[in-house]
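Have a look at the structure that comes next, please.
Chain naming follows the written order as A, B, C, D, E and F, and within any one chain the residues start at number 1.
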């Protein structure tokens, strides 16, 4: 173990409390039939996007408890937008806070959980006859923009 | 509201308790310098893969609390493997249980949180001088295999 | 302290695992204008009933963690129905499980959190000019039926 | 979905941090024999009011995690008082914080969980011979007062 | 990293579901004045032992979420007993379950959180004039007995 | 119940927000063979100290949810150090925050969960042939220092 860097939370005690904002975006590829079912509100488990939106907001607030070295941050705003495309669903999550550290991990966590929730809601439509998911895939979760303003 | 399908948890009361297994895989693209730092154990926040592994195991166990319509499942095994590639880190999560429903959402949640934790650990190495992440991106989270055995 | 009964969880180790079901119902009284806004989907914070429905499902799954002496129960089904009345919103929550103890506390917790979520969503419409809630009130949370079947 | 208001957390980033206080009150109707058992400390599961008090304090602190669109608030005080009446138990919960948004949902959540915990503690005394609860009912959870002071 | 053992949850999928019981015991050394205040019910924050008892029961149920590689276990009984000694408080926690793995970590976690809660409740009485705790100390948390019965 | 002090959270609303730091230390006695296995990285469940370190950081952040009357505190730093001794493992946890109340309970909770996690990781090495733990014991969890600076 000697020589290796020890796991530790970054010490942000002395950092100033400033305005923070971050936007993350992600995409889940779905079958065309599934996309149509989402658009027409015919997914058996219910309104896919609303459930995913709520799951995302809650995941943003819990990020400090999911990612071991994240600091607890007093989130003041979360917005979650979906763009239902031909080939799947794109989610954009924007998080705001007045805090000592940035909120990009919060936005990324919100986007990831939103996409996982979409998947969970459409499982029955995406599985093939052998119970596998040959087509479904979460793609391209990234940070669109990060803002820090004194 | 009329005409629309109502959100609801699938009723699995009558389903048999059988062996379940699912494997999910995901990939995060990282800068070459970051990959080297991970390999050499020189990431300032510590041993990236071990932290990500533990975060993944815990996320698997909490899936029912993160994805609104998932059922609580008595997980009996979680294994998390990393493959440090030239261009990033690949994670493979396998989950087992004896339960009334499958564990693919658990494996996918574990893989997603593992990759988010990797990102959180290497933030300082991936950010550019403007604090943005032009290169970092989570890619291709999918189910490799799902097994159900009576 | 002597003479007093000590707090303890009921020991259910030896109880048989049987089919359990419970239905709880609750009502929140709201202003007529608020009820109309819910019906017409014009509440500024969004689709009130869908958010409440999801909050209820999640609360049902967390009952063991909210009520100190409740046992963890493997919930297999939760359904949440709303009846938007002239004078407020009525919620009915049905929970099913195959377990050693009943699920009425789970159904009651789901109904309570559903109604609190409705309140949270319509706060802006229910507050008077002094920021008080002279009209809003949660009323009549009760167990409609409890079923136990070997 | 077009035309409908989208679910979103209210953006409180720019709101000032001021003193907040809220008091909520609720009542659970119980059988006379149960009320006597509570008064005499003879409820088999233990000291009903102390368990309910603690459950309420904890629920207040977790409100942001139970109600999907609530903001996390740094609670600085919670007090929980009971009034054991002839026909049941009344609970009053007061919450204080210095924060960007009010704490009435926290007080209401505390009162609700207190009453649910009372119910859980006296289940054995309230059930009839068929395992039903013909008499028990939570009634009248409301906000008594909300204070905001710059 | 090569050569080192990888972190992983033990695979208990194939283990039989049998009766499990474990008892853990722990002790916190306190000032004589504090012990007297506990005995006489004069601790300003309230009934120390009841709060500690409830915290212990809840911690037992959450052990899987606190210790990263623990499996979720359907706990069926928790009992928490205190022995107020001359020099401090001793706690004994017994946990039961019918499960694939033992419950000693659950009993130990319950005992630890019980003692930490006692400490939290009597902080004001244990601190010296400089705000330090020269005397207070948790001592001897151990497993008294572990039972496994087919 | 009359005459007894009622359980309540201390009201810290009016206290100033100042720098807080606390260090706690604890020790778990282990068999010599177990200590050697930890040192040589040969514990079957994996890298004991890294898992314990992460569990400690997370427990520090959740202290308000584990100890019923603790206030939520915005933790800004957690560091966890181990000293592998001949006869066991010593852990030292330091917590920092800028807050209205001290962080010693957070440091103590982190130390306790670190030691419990060590135990969980080496269970197989510490158990005797009858499945008992005659030697293992957590000892001496205490506060080393508490700092408050305006």
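The definition used in the following text is that a residue touches a chain if its C-beta (ideal position, glycine included) is under 8 Å from a C-beta of that chain, and two chains touch if they have at least 3 such contacts.
A quick note: this is a predicted structure, and the numbers were derived from the prediction, not measured.
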Worksheet item: Chains shared as neighbours by subunit C and subunit D?
Response: A, E
Worksheet, complete the sentence: Chains adjacent to subunit D and to subunit F under the stated definition are A, E
Worksheet entry | Most widely separated chain from subunit B, with each centre as the mean of CA atoms | D
Worksheet entry | Same vs different contact residues, subunit E with subunit F, by half of numbers used | same
Worksheet item: How many Å are there between the centre of subunit A and the centre of subunit D, using C-alpha atoms for each centre?
Response: 31
Worksheet item: Approximately how many whole Å separate the CA-defined centres of subunit D and subunit E?
Response: 27
Practice prompt. Just give me the whole-number Å value for how far the CA centre of subunit A lies from that of subunit B.
Written response: 13
Item to complete: Would you pick out the residues of subunit D that each touch at least 2 other chains?
Response: 6-8, 10, 41, 46-47, 50-51, 54-55, 58, 62, 68-69, 72, 74
Fill in: Pairwise chain contacts under the document criterion
A-B, A-C, A-D, A-F, B-C, B-E, B-F, C-D, C-E, D-E, D-F, E-F
Worksheet item: For subunit E, which residues count as touching subunit B in their complex?
Response: 1, 6-13, 15, 64-65, 68-69, 71-72, 74, 100
Discussion item. Taking the touch rule as given, give the residues of subunit E at its contact with subunit D in the complex, in rising order.
Written reply: 46-47, 50-51, 54-55
Worksheet entry | subunit E partner contacts - residues on subunit B that touch it in the complex | 19, 41, 49-50, 53-54, 57-58, 61-62, 72, 74-81, 96-98
Discussion item. If we count contacts the way the header does, which residues on subunit F are in touch with subunit E in the complex?
Written reply: 3-8, 10, 26, 41-47, 50-51, 54-55, 58-59, 62, 66-70, 102, 104-105, 108-109, 112-113, 116-117, 119-121, 123, 131-133, 136-143, 145-146, 148
